[in-house]
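Two complexes are shown next, each including chain A; its partner changes from chain B in the first to chain C in the second.
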Partner chain A sequence: MIRRLSTYVIRRVLSMILLLVLLSLVVFILFSLLPADPARLTCGKSCTPEIIEANRHRLGLDMPVLAQYWEFVKGIFVGRTYAANSPDPVQCSAPCLGYSFKRGEEVFVLIKDRLPATIWLAFGAFVLWLAAGISLGIYSALRRGRWQDRSVMGVALVGYSLPSFFIGLVAIFFIIIRWQLLPFPSYISPLENPVQFLQTMILPWIILATLYAAFYMRLTRNQMLEVLGDDYIRTARAKGLPERVVIRKHALRAGLTPIVTAAGLDLAGLLGGAIITESIFSLPGIGSLAVNSVNDADLPLIVGITLVAATFIIFANLIVDLLYAVIDPRVRLS
Partner chain B sequence: MTSASAPFLSVQDLSVTFPTEDGRVQAVDGVSFSVERGKTLAVVGESGSGKSVTAQAIMGLLDRRLSSVTGHAWLEGRDLVAMDDDEVRRERGSRMAMIFQDPMSSLHPFYRIGAQLSEAVLVHQKVSKQAAREQALEMLNRVGIPDPRTRIDNYPHQLSGGMRQRVMIAMALINSPALLIADEPTTALDVTVQAQILELIGNLQQEYDTAVIMITHDLGIVADIADDVAVMYGGRIVESGSVDDIFYRPQMPYTLGLLASVPRLDQVRAERLDPIPGNPPSPISLPPGCVFQPRCAYSDRVADHACEGVRPELVDIGGGHAVRCHLDGGQRLAIATDVLDALAGSGA
Partner chain C sequence: MSLTVVEAPSGAGDPVLGRSLRQIVWARVRRDRVAMTCLVILIGLYLVAILAPAICAVIGVDPYSFDSASISDMGGGPVGPWGGISREHPLGVEWGTGRDIFAQLLFGLRISLLIATSATIITVVIGTVIGIVSGYSGGKTDAVFGRIMDLTLAFPFLLIILALSGVLTQRLTSLGVPEGNPSRITYMILVLSVFGWPYLARIVRGQVFSLREREFVEAAVAMGASKSRILFVEILPNLWAPILVYATLTLPTYIGTEAALSFLGIGVLPPDTSFGAMLASSVSYFSVVPSYLFIPGVLLVTLVVTFNLVGDAVRDALDPRAGRR
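Our next item is the complex of A and B:
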């Protein structure tokens, strides 16, 4: 059994690597078809077509797409030097995800600097929405059709339909500007100033979690109701198990398993940047970086962010599948 | 109530309704029967006749918020219907147990066989986990699971349907209940496996002196296993009696229809069976008179359209054989003779 689990893991990891290669290739080709011209961004106002062409050649942007892709992949592992033969070469050390000439910075460094804010935002919201969504979803399912169920589902519907930029702006207006309950958001690492960190993050956490919590309430409720109607739950009751054991041991285990999938993928999606929330609260995360990179038509940065975000999702898929195999013996043993 | 003559299980005037959005569903309507230890009562009837709901009402498995159960189910003098949730829960799995139609979905897919069996022991007995596992092993052995020491650590999906039903039986009988309700335990299984499972239930019944309620819509198996039979239609018992009463002296037109629709071993395959024309009534709008009237070929023999307007009562016609029909004895006998003769003729 252990052996079968490990072959399963190896198979899944191999297919993940293959998927990553394919995905990066597709992203690379797709973006090279865009009308944006990275060479155009390599010089400032005093640009002439001649300089742009020269830069294009020096940076290898006139090479075939596949050759450029190969340089890119090589760069990830061994780093690369742009315009090596020119008087001012640009060094990009491994893992090199490209170089933003617009910002004069390695893409990897740009992303790395923005990642902490995004990770904090995503994990904080994740914990909140799982706690609220799952517990209220279960509560609602156990009181199906009664007023408690209806109120929870009503709240979920409201949370679900309010756009987060709207609640975000309303919250900023009232809580920060009108009532001055919190200072203006200004991100700082929790290691440096935990109080300011919490004051900055609390609203974004709640607002981001609201949307997801609403979704998870419904998901959990529906899952639980479905499982509670399953035959093995009837068997558990027929055995004479107390209802609380039937719920906790038999229904929850089966009912929450599909939620693992949704939660893993949603978290991974957020690690690629929560664009709206980050922008509203001016959090220096991947989401706002992505918005800026698109505004600037900063192609290397866009490619880099896309790849990182996609990697998170592929990785989350792997983790979720492995978790599934641990939870459900039918996956593990077939 | 616990006098020596009181039956082991006595169900009296049991009714179940479900309030639904479409109206009140009268799933079971005034059902009465009794079973003794060591005996088997077969409950037969078409789909939707209320067999499973009757069983679930006895087991206390119906959600009180979503259903209303009235009447009595005396188990050795204690009324299961009147008990509170926790009292009846303690009877479930210890004094009375149930197995279900689909062994594929009736076991929890995430837990090992052994854990599911031990759990049943541990809720009702104060024993160690090790002792519970020993009991589980012993029980798997008894129900004929080969190599139980390996199988006990299997997950349900690693077993065949027949094996899973054996596990279900082991789980039901592990606390030696005095009453076993089997709700179509073989319907989902291959024909060869069906016979084995029925034989197993029969053997264990003798060993434990269990009262068995066997729910089925397959009259073919009833003659072999049952002592008594209750025929249900539209939530009511329409005829009940001993196996011989039902098979050799049937009286009620619906029972006759059922008998005529049973495939018989001596019948040539190509020959058409005689299914009862029409469909069972909707439990939301049962006919006011006899529930079988819309499909009955003989209701015009009863005067004053009584079948349409007057609800017939279940009347004991002697020796515990009870019939719910407005026809008088002579008319029923004549009809039964015709039908049985025709059956014998087609079988020859």
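Our next item is the complex of A and C:
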């Protein structure tokens, strides 16, 4: 069993690495189509074509795409120096995800600085939506067909259909502008000013969580209904187990697998930046950084964010698959 | 589950009726009052979208012409309450231009539905074909398609769509799609499809895995049927249930995604508009004129809820565990 597990893990990790390599290659080639010229961003308004050309050569941007890709990959592990044999070389230490000439900073540092806001947003919403989604889903399943079930599912349907930017704007309109229950959002680290942090995050959390919770309610309800009809649930009840234990230990555990998959992937997706929520509430996270980088045509930054976001998703895929075996004793590793 | 007497089709005295899945599903959906209401609303909305120019002409509004009489000279805000609602402008006028909101809404609906519907059709075609081929062939073909699906699903697609919009829209223009909004709309349709098909392909692939072991496929193989005949004549008709459910539930998400993309600024440009574009332009003014936010927003939510209700009803009707009532 242990040996099977370890070969399984190794195989999954290898295929994950392959996927990462493929993905970064595709991103690289895709973005080399962009007319945005990183060399153009290296000097200000007084640029002459000669300077741009010289910079392009110094930065290696005149190399073929695959050669640039190789430099990029090497940079992640050993760092790299842009324009090494010029008077002012730019050092980018490992892990180097590129250098934003527009902002004059390493892409890795830019992303790292924006990560806390995104992580706070994602995890806060994650906890809220899992708690609400799973508990209401179970509640709904246990009262199948009655009015409680129908109203929960009705709420879920509406929640599921609400576009995040619309309820975000509605929330800002009523809660912040009309009723002035909260100040305008202005992100600050929770260590510096926990009150302002909570005042800023509470709306984005609730709004993100509403959208996701709706989906989890439906998913949990469907899973529970499916599992509750199974024979072993009848067996558990026949054994005289308390209903609470039957629901929690037998039904929920078996029905949890798709919920874990969805939760893992959704969380990973959010860690790559909740573009819309962050933009609406002007949170300084990866999502708003991404929008800015697109508006500035800041190519190295776009590539860096895309890769980081995709890496989160690929990692989550792996972790979710490994969790399966832990959660559901029926899962066979094949 | 109680036994219910089903109405027999005229002329059939036999109590045991052989009914096809299609008939069963349609009978169930027809009995679902909410779903039928929603279906009627949806058909109505499509008609409104198609007939938008005619409706606007009858009411005497149009989405493009400026009306400087309806906005104030100072600052360009609409004259009158609720965004300048008046007899000439049933839902008010746009800030700064005085263009009619009602007409914009109809034309916005048109563009939102056009994008979402076309993208759903393309998604379904790509997803189904790749799912069938992948599931039936197995082996290397399946592995390659599987990797492509993993890859596509791992992309942070909103970011990619944003980042590539400029260059790919230009490329579409250079391929002969008319410049401006036609190119932008085509781009949206294509990217939605490109990032949407793997979900359906996975579902279809899973179904084909079990279908290909069935006797009728074996029989077709034994008779020497070509591969394309087996895939698309023998297997495909058995897949319409999951495909239909997927399509009805995907269309509303595409309406939402299109609105989100327009909101982020890569959708249609003025003078054309869509729900997302209207919401995006409301951001600057909605603290003064809330109707700019609520009119397109409420309509957008209604549209998506209606689609989801129909999708749910179709899915429930197709649920084999519901019993053949």
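Annotations for the structure displayed:
Quick note on the criterion: the second predicted complex is superposed on the first by the 315 of 334 C-alpha atoms of A that agree within 3 Å, B and C clash if a C-alpha of one lies under 4 Å from a C-alpha of the other, contacts with A are read in each partner's own complex, and residues count from 1 in each chain.
As a working rule, contacts are C-beta pairs under 8 Å (C-beta built on N, C-alpha and C of every residue); 3 or more make two chains touch, one makes a residue touch a chain.
What you see is a predicted model, and the numbers here were worked out from it, not measured in a lab.
Applying the stated contact rule after C-alpha superposition, one finds that A:Arg237 touches chain B and leaves chain C untouched. Residue contacts after overlaying the shared chain place A:Ala309 against chain C, while chain B stays out of touching range.
Of the two partner chains placed by the overlay, only chain B lies in contact with A:Ile327; chain C stays clear of it. In the superposed model, A:Gly104 lies in contact with neither chain B nor chain C. Once the two complexes are overlaid on the shared chain, A:Ala290 sits against chain C while remaining clear of chain B. Look at A:His250: by the touch rule set out above, it reaches chain B but stays clear of chain C. Here chain B and chain C are compared by how many residues of chain A each touches, and C touches more.
The intersection of chain A residues touching chain B with those touching chain C, taken from the two complexes, is empty. Chain A contributes residues 19, 22-23, 26, 30-31, 33-35, 157-158, 160-166, 169-170, 173, 177, 269, 272-273, 275-276, 279, 290-291, 293-294, 302, 305-306, 309-310, 313-314, 317 to its touches with chain C in the complex. Residues of chain C touching chain A in their complex: 147, 150-151, 153-156, 158-160, 162-164, 166-167, 170, 252, 256, 259-260, 263-264, 276, 279, 282-283, 286-287, 290, 293-294, 297, 300-301, 304-305, 308-309, 312. On the side of chain A, the complex with chain B involves touching residues 230-232, 234-243, 245, 250, 253-254, 327-330, 333-334. Of all residues in chain B, those touching chain A in their complex are 59, 61, 85-86, 89-94, 97-98, 100, 102, 105-110, 119-120, 123-124, 155, 157-158, 168, 171-172.
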